[in-house]
Amino acid sequence: MAKVVSIKEAAEMFKDNMTVMVSGFWGIGAPEKLLDALVETGVQGLTGISISTALVDRGIGKLVASRQLKKAIVSYIGRNTATMEQYEAGDIEVEFVPQGTLAERVRAGGFGLGGILTPTGVGTELEKGKQRLTIDGKDYLLELALKADVALIKAHKADRSGNLVYRKAARNTNPLMAAAARITIVQADEIVETGMIDPDMVMTPGIFVDYIVQG
Amino acid sequence: MDKKEFIARRVAQEFKDGDFVNLGIGIPTLVGNYIPEGIKVYLHSENGFTHIGPMLENENEIDPELINASDQHVSILPGGAFFDSGVSFGIIRGGHLAATVLGALQVDQEGNLANWKIPGKKTVGIGGGMDLVSGAKRVIIAMEHTSKGASKILKKCDIPLTGLNCVDLIVTEMAVIEVTESGLLLKEIAEDVTLEDVLATTEADLIISPDLKKISV
Amino acid sequence: MAKVVSIKEAAEMFKDNMTVMVSGFWGIGAPEKLLDALVETGVQGLTGISISTALVDRGIGKLVASRQLKKAIVSYIGRNTATMEQYEAGDIEVEFVPQGTLAERVRAGGFGLGGILTPTGVGTELEKGKQRLTIDGKDYLLELALKADVALIKAHKADRSGNLVYRKAARNTNPLMAAAARITIVQADEIVETGMIDPDMVMTPGIFVDYIVQG
Amino acid sequence: MDKKEFIARRVAQEFKDGDFVNLGIGIPTLVGNYIPEGIKVYLHSENGFTHIGPMLENENEIDPELINASDQHVSILPGGAFFDSGVSFGIIRGGHLAATVLGALQVDQEGNLANWKIPGKKTVGIGGGMDLVSGAKRVIIAMEHTSKGASKILKKCDIPLTGLNCVDLIVTEMAVIEVTESGLLLKEIAEDVTLEDVLATTEADLIISPDLKKISV
């Protein structure tokens, strides 16, 4: 059952060496306040899972700039100068995952699947260390589920039961990551009473949400 | 008190405030009627929503597009949400339910469960049962202790399984039994039965808890 | 691009021996008009994919009653007396699939995945003929994608671009099946002009929809 | 006419009315500007919507939560819909796009594509490219024919691949080449180049189409 907490209370849940999923596409749909709070705690050795490392001052990119990530599981690092520098210097480990595979691995983690078979990456260097299976004459790679200790989610609207609504392109990985972590913390632009969101219009059901902070 | 009500009342004590739970057909469905005061439990409907509300009897209250998984016209409580079958079983498989309560044909001391197929009888299907036992955080079996005098709690199930090592707790009108690493732990027995009664009607080996209690409902 | 057609035009797409996905849970969320039209065509030898075979007079159950299905891929047949009789008599083949596995197999088919790893069914007779994989000490079965020639979908509202909105428990497998067939035909209670559905509220994007009939 | 515009105009002829298409960065993006009259093409944005509309320049029209995959403030046209990353890549991987248009570092005569990694240079990532080439119905490469005088159309790619046997059509300022079972089929050449020019600047083997045509844009 979701609980509305302060940013300070949320920040107390951040610990060294956690795996953190962070939503957002170039930072759009990322919970910036929660990320600022995470930067402020100074916790270290994090593994970050996100579409990309965004930009130095946006989304998960802030955690690279603050040197809190020891590892990034992402599809792209190119626009974050901090990631590029740390990657070259060997200060951050990067696991490159095709964007669609990343989305499915996160969804699998949240939905109790061990993994999925995707044609993406067959015959490329990403195949290294992975099982290739042929089904009806087509080749697929077995890609394994991803889970996290904490998911940091950005919603437009949340009710007090944790039901979430997103706006436009800010949805991206939010609904997938919300289900895939032990603790899911949502930053909502607006927090409304339970019953104020039409149950047909809910994009992430409250069952996936643990904590809500006012954005 | 009726046997079934007794079992349902005891199972209902297993929940914590805020738990999301899926209740199977039969005795498990009754559990929803006996949630202790001060505890809020949210019911998941595998056809695609949470927060199942009361059944509707009044023709003009009924929404033809709102049924539960047993095809009954129910309502949805505030805080509930609708979703598709992929999300619904993602909730189940992904460990987002604190518990599922199911009936059983047989349970055994390894925690195996059989409740979908009787050899020689017509197979009706699996439904969502195999998903529930593979995914819910706790699998609670609510059933009568015996069937036509025969034990349903066995050393080893001898009919097709629904799930392997999946049962966490067995609640019957006679006993509450926990499935542990070392075997079946008898934790509670009903007021009106003796330990000997329970042992005599249970084919499986039972470890008797050092603080064996009476079931209180 | 979706196209609004008459029931008669839709019925012309039904052919012998097709694989048909039919949404609905006990018939709720099933496109009854399209099913009636399919019964009327009398096409034979169909393979039907649905959550259950519903009831003789509801949803996919009608296709069993009319003896048009040679095979059903479903999780349950118990409430359809016609399925039970034909199954006993060996007149219909039934592939039993756990409900959650069925949903994922359909989704995989629509989304280009070869299959998924699920813990459901491990150690049961459903494991027969399937690959078991152990990931991080947990066992999973490899379940393969399902696709269809035609998906019959029931929406509450459709715009002329094929964007769909469902109501309450009538959503069930509709959004998954809409993506998994070569031809997706929607029966909509209401057809509105393009632009009349808020793009944030669309539950099935029009890209998956081929034809719309008035419900 | 500028080389890039020329390539983009030729690629734009490949679409049918009603096609959903994903356009990569660079020349592919330009293709959207040259869709022939009478043809409607709907653009898919991998960050989660269809029906990409014009870019917005006016500060007070911009919605901070509406960007395309290149982080540009765009709009959405009527008929479009928003969805999550799972659905967005389900569309890509599931064959729901009629085509994707991408740039390339190298393409070879087996239809292999390399466009994400140059050995010795900093790796910036994969993005959605590998998904696009594995899933779109047609993969169209829009690129300049050579890079610093060197052919980009090779017998065999010698840098890390993005996709295996995935390219369907190559459009450059010099030629239109189809990838067939038997190899690269040269179908069209630009007005101002000779067959010899094309052969001289293409390392791969080319099969010359019996009805070789001039590119018309």
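Should a chain be cited, it is by its letter among A, B, C and D, assigned in written order, with residues numbered from 1 in that chain.
Simple rule for what comes next: contacts are C-beta pairs under 8 Å (C-beta built on N, C-alpha and C of every residue); 3 or more make two chains touch, one makes a residue touch a chain.
All of these numbers come straight from a predicted model, not from anything done at the bench.
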Number of steps on the shortest touching-chain route linking chain B and chain D: 2
Compute the distance, rounded to whole Å, between the mean C-alpha positions of chain B and chain C. 29
Between chain A and chain C, tell me the centre distance in angstrom, where each centre is the average of that chain's C-alpha atoms. 31
When the C-alpha atoms of chain A and chain B are each averaged to a single point, how far apart are the two points in Å? 34
Would you please write down the residue numbers of chain A that are in contact with two or more other chains? 104, 107, 112-113, 118-119, 166-168, 199-200
Which residues belonging to chain D are in contact with no fewer than two other chains? 49, 76, 82-83, 86, 89-90, 92-93, 134-135
For this structure, enumerate the chain pairs that meet the touch criterion. A-B, A-C, A-D, B-C, C-D
How about chain D: which of its residues touch chain C in the complex? 17-18, 20, 40, 42, 44, 49-51, 76, 78-83, 86-87, 89-96, 134-135
Give every residue of chain A touching chain B within the complex, in rising order. 1, 107, 109-113, 159-161, 163, 179, 194-195, 199-200, 202, 205-208
Quick check: in the complex, which residue numbers of chain A touch chain D? 25-26, 28-29, 51-52, 74-79, 84, 87-88, 96-104, 107, 118-126, 156, 166-176, 203
In their shared complex, at which residues does chain D touch chain A? 45-49, 63-69, 71, 76, 82-86, 88-90, 92-93, 112, 117, 122-131, 134-135, 160-165
In their complex, what parts of chain A are in touch with chain C? 104, 108, 112-119, 133, 135, 138, 140, 142, 144-145, 165-168, 199-201
